[in-house]
Amino acid sequence: MAAPSAVTVLSKESTNMLQGFSVPLTPQGKSALVSPPPWHYSSDCLAIEYWADPGSIAALLPTGVTPDDKSQGRAFLWFLDWQFTGSNDEITDPARYQYREAFVLVEALFERAPINYCPYIFVDNDAAIARGWAQGFPKKYGSIYQTRSFSAPSAAAAPLAKGSRFGASVAAHGERLATARLQLEEKVADPAKVFNRPTVMRRYFPQLAAARQTKPPVDELTMSLTDNLAVVDVWAGSAELTIPEVRGEDMHSLAPLRIGRGYRLGMSYSVTDLRILKNYVA
Amino acid sequence: MAAPSAVTVLSKESTNMLQGFSVPLTPQGKSALVSPPPWHYSSDCLAIEYWADPGSIAALLPTGVTPDDKSQGRAFLWFLDWQFTGSNDEITDPARYQYREAFVLVEALFERAPINYCPYIFVDNDAAIARGWAQGFPKKYGSIYQTRSFSAPSAAAAPLAKGSRFGASVAAHGERLATARLQLEEKVADPAKVFNRPTVMRRYFPQLAAARQTKPPVDELTMSLTDNLAVVDVWAGSAELTIPEVRGEDMHSLAPLRIGRGYRLGMSYSVTDLRILKNYVA
Amino acid sequence: MAAPSAVTVLSKESTNMLQGFSVPLTPQGKSALVSPPPWHYSSDCLAIEYWADPGSIAALLPTGVTPDDKSQGRAFLWFLDWQFTGSNDEITDPARYQYREAFVLVEALFERAPINYCPYIFVDNDAAIARGWAQGFPKKYGSIYQTRSFSAPSAAAAPLAKGSRFGASVAAHGERLATARLQLEEKVADPAKVFNRPTVMRRYFPQLAAARQTKPPVDELTMSLTDNLAVVDVWAGSAELTIPEVRGEDMHSLAPLRIGRGYRLGMSYSVTDLRILKNYVA
Amino acid sequence: MAAPSAVTVLSKESTNMLQGFSVPLTPQGKSALVSPPPWHYSSDCLAIEYWADPGSIAALLPTGVTPDDKSQGRAFLWFLDWQFTGSNDEITDPARYQYREAFVLVEALFERAPINYCPYIFVDNDAAIARGWAQGFPKKYGSIYQTRSFSAPSAAAAPLAKGSRFGASVAAHGERLATARLQLEEKVADPAKVFNRPTVMRRYFPQLAAARQTKPPVDELTMSLTDNLAVVDVWAGSAELTIPEVRGEDMHSLAPLRIGRGYRLGMSYSVTDLRILKNYVA
């Protein structure tokens, strides 16, 4: 594991050395929601392939990202049980650092190259929100669950085997935003045929000062960079998915018109960097 | 899987067929917190062996359960990530039926036979509280976490391998009740040498009617019965454990004086029955 | 405040004095979910009058409770922000003892007298579940919110005044079970004309021992008894209410066919007793 | 109520009109965590005056903020039950917009003027996190409770009256970070003598792109601006406060050495603007 790249914020007029990759900055650096990269992740994932209204996808894309006509509205709804660790033994503090996530990826193009764009994402952990915002993921707080595979045999074990049934859901503030089910059929020999587009996001931080509210200080198109990406134990099967209309949420505009395959897989990577594709501010 | 034993409550003066193993009883039987057994479970578990004050253990034992002098205060603090399913595809509804648990087992004797007695137990799910109360587990609501093993390789994966580090914690109402850490050393060849005592509980339901508040309608000593018990992938290692004093909780009386081995394992079983060892009411 | 009536459970064969009105029973009695009565409550409430399908109400009533034909399906959905205290300064421990609740009351008859029967109830606190079960309220865990009235003037204050708008909702496991809105029109001079029926419940505790699963040890019809009941600051206005269909819940059978008035009020009482109307076991 | 100042983000190369004051930006603008100001707030507050180690306060201050020697370490720990509304009837959606907060204010100087600086703040709502970050409040997710005053008389009502007892607490990830208690003694005639310093924050948004991780795009000293501030019903009394040491948090460095008065009050204001005192980036 690489040594942490210390991000120390030096107060110029004083001797204060305030530390942290994110707020809150403190002398000791323990309170910061986010510690400096590298950030290491491993997860179990359910991903449901589906097709949404292409016009609704187009309406969500930021400048420079264009519809991928070949995709005809292809999208994926992902559910992920994550474990995170940094350089401070976070792996032994699961109450703070283990979390669950759900997001939508829609297929699109950036400078003619196929990408996935992430318009909606939910997590159940504040450190994950802060790391996500730093990357450009528009994270909100949600309550996410997926059926897990346990090794002790039982009708409750959901092993990675033909016929196993899985469910997943995401809710926010007591409203169910999506529900999925999946029944495993066969192992996928070549996952790279399914999951091969980089993820692009809108990194955005607002301005509240009245005279400048239309001029956000951060407004960029970014691409997620992952080190040591591993995708393992990929199974595919039949799937169900609903994205109901909910007051105060727009995700329903991407409700499924047609549902494809469902996938169950393991995924891991580390994050140390971010690519900025476009700066909308300049 | 055995057919569900329908528990239908027939209203005698009407044609109402109200259904459910627990409240709420309804015509359709879907709202009941608990559906009729069999109940199927699979879990990942961390268990920390430790020794508490023998006098404090003795003070917690109900009538008929006596200290096991050979144990000298031996106890286990367990953390469990559970998946539950009944006969209604509950496995695909993890938001409702997946849950986490932590409990203390203290070694004791019942009619000279070695048992574990369960004085404290916390879960994060209401169906699990209701099933637990039906068995005699004195469940309260808590927030429980344990480090998980993921298959995709990463510093965040915590594989079942020498050197892997795990953490676990239980909190209730914003107070940390116990924190544990564990580092795996070796696989355990014969888990039956470690985990071999049945679990005994106090099944108790109170009476609020003023004239009978000292006469609970249910006050029994019970023993948990498990069908098809499987214990798999048992690893042992070094462990840390703290049980701090917290206002409004008595669990601190069982704080560790000495800490033994830590274990990480998988466990599954089904529940269809309960043994009633003693009826304190009669 | 009356002295607490100590409910001590004496272990007959030992000197153990285990304490608590509910589990877990301990020597110190602090861990018990419920301390002995008196239990003191004060609340802010929203209550929506509506009419459900009379046949669906009839189908939910236990033996001895019959439809009130004059009511024609009249029901109330209540939302309550509660503060609880017992005899141990619980009022200063809001993390443990403040809670929120939502329940349905349907109008019915018991021995020809008008009553309200409570088929569904949700709370966000385990002590409230345990006290409720002791009374016969079929409580499950939910997430409940209602707009509050604050004294500092603001568009966000929702004062008790003509035109103020309130909202309320109850969700369980990430599914919205009911949503209500209310706009105040006028103060109610005589609340006793609106709220004047006692509440009747089914007190039920199951049996898991296989040979006796159809013979619950506790199966009674009970009536809630309240000391020092106060109903204050009652306002009425126009209301909206939805009870959507949700997988795994039957409450939708009581969805509104017609909506009446909405009420906002304060209510307080103490509990020291329970009336048992009928014992279904004997 | 002022008309909402529409903050529309125009995609230059397309016709997309993506809306929202914060992420996620969508065509409809309902999903955004934050809608454009004005933001209206009303709250009930408990505030505990205390003195922390002046050196620990000095170590937390950013460049340009200096210790207030007259204060000798004076600080306040606040607990707030908030109701928020914007321009979309948010007041009737309490599940999404009602929230609870706890923060520390330490007395300091900015250009010789007395201010309060906010180093630590916790909320239980994601929209409140997003609005807070836009202002410079270093918000993290926590679980916060305070005893409430109810109008229906009861031992559980905690009225605004001499002798009433209140409690409050903040926890994060199952660790109790602070616990306070307060007993009311008398009404405060002139609250402006107690609460009269503006609040100053560090507005900070990090950079993840590897080459620029030490150059955050947003690093400012800001001052909170409040329209129509009202402080009502201020009571004072005796207080208790603990801020225990917790793994992964630095707030303990501001633990109380001496405790002053406790206050209970109502407060409301609106937010439409922010003052930027200093730009650390330029």
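Letters are used for the chains, namely A, B, C and D, taken in the order the chains are written, and counting of residues starts over at 1 for each.
Heads up, the rule we're going with is that a contact is a pair of C-beta atoms (placed from the backbone, for glycine too) under 8 Å apart; a residue touches a chain by one contact, two chains touch by 3 or more.
Given the structure is predicted, the values throughout are model-derived calculations rather than measurements.
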- [ ] Kindly list the shared contact partners of chain A and chain C, in label order.
- [x] B, D
Open item on the list: Taking each chain's centre as the mean of its C-alpha atoms, which one ends up farthest from the centre of chain D?
Closed with: B
Open item on the list: Centroid from C-alpha atoms only, then distance chain B to chain C, rounded to Å. What do you get?
Closed with: 28
Open item on the list: Centroid from C-alpha atoms only, then distance chain B to chain D, rounded to Å. What do you get?
Closed with: 40
Task: Euclidean distance of C-alpha centroids - chain C vs chain D, Å - done: 34
Task: Two or more partner chains touched - positions in chain B - done: 93, 95, 143, 145, 169, 171, 174-175
TODO: Enumerate the contact residues on chain C facing chain B in the complex.
DONE: 5, 7-9, 11-14, 16, 18, 21-31, 33-34, 36-37, 58-64, 66, 93, 95-96, 119-121, 125-126, 129, 133-135, 138-141, 173-175, 202, 204-210, 213-214, 216-219, 247-251, 253, 271-276, 280
TODO: Please name which positions on chain B make contact with chain A in the complex.
DONE: 1, 40-44, 81, 83-85, 89, 91-95, 98, 143, 145-148, 150-158, 165-169, 171, 181, 228, 230-233, 266-270
Open item on the list: List the residues on chain B that touch chain D in their complex, please.
Closed with: 143, 145, 169-171, 174-176
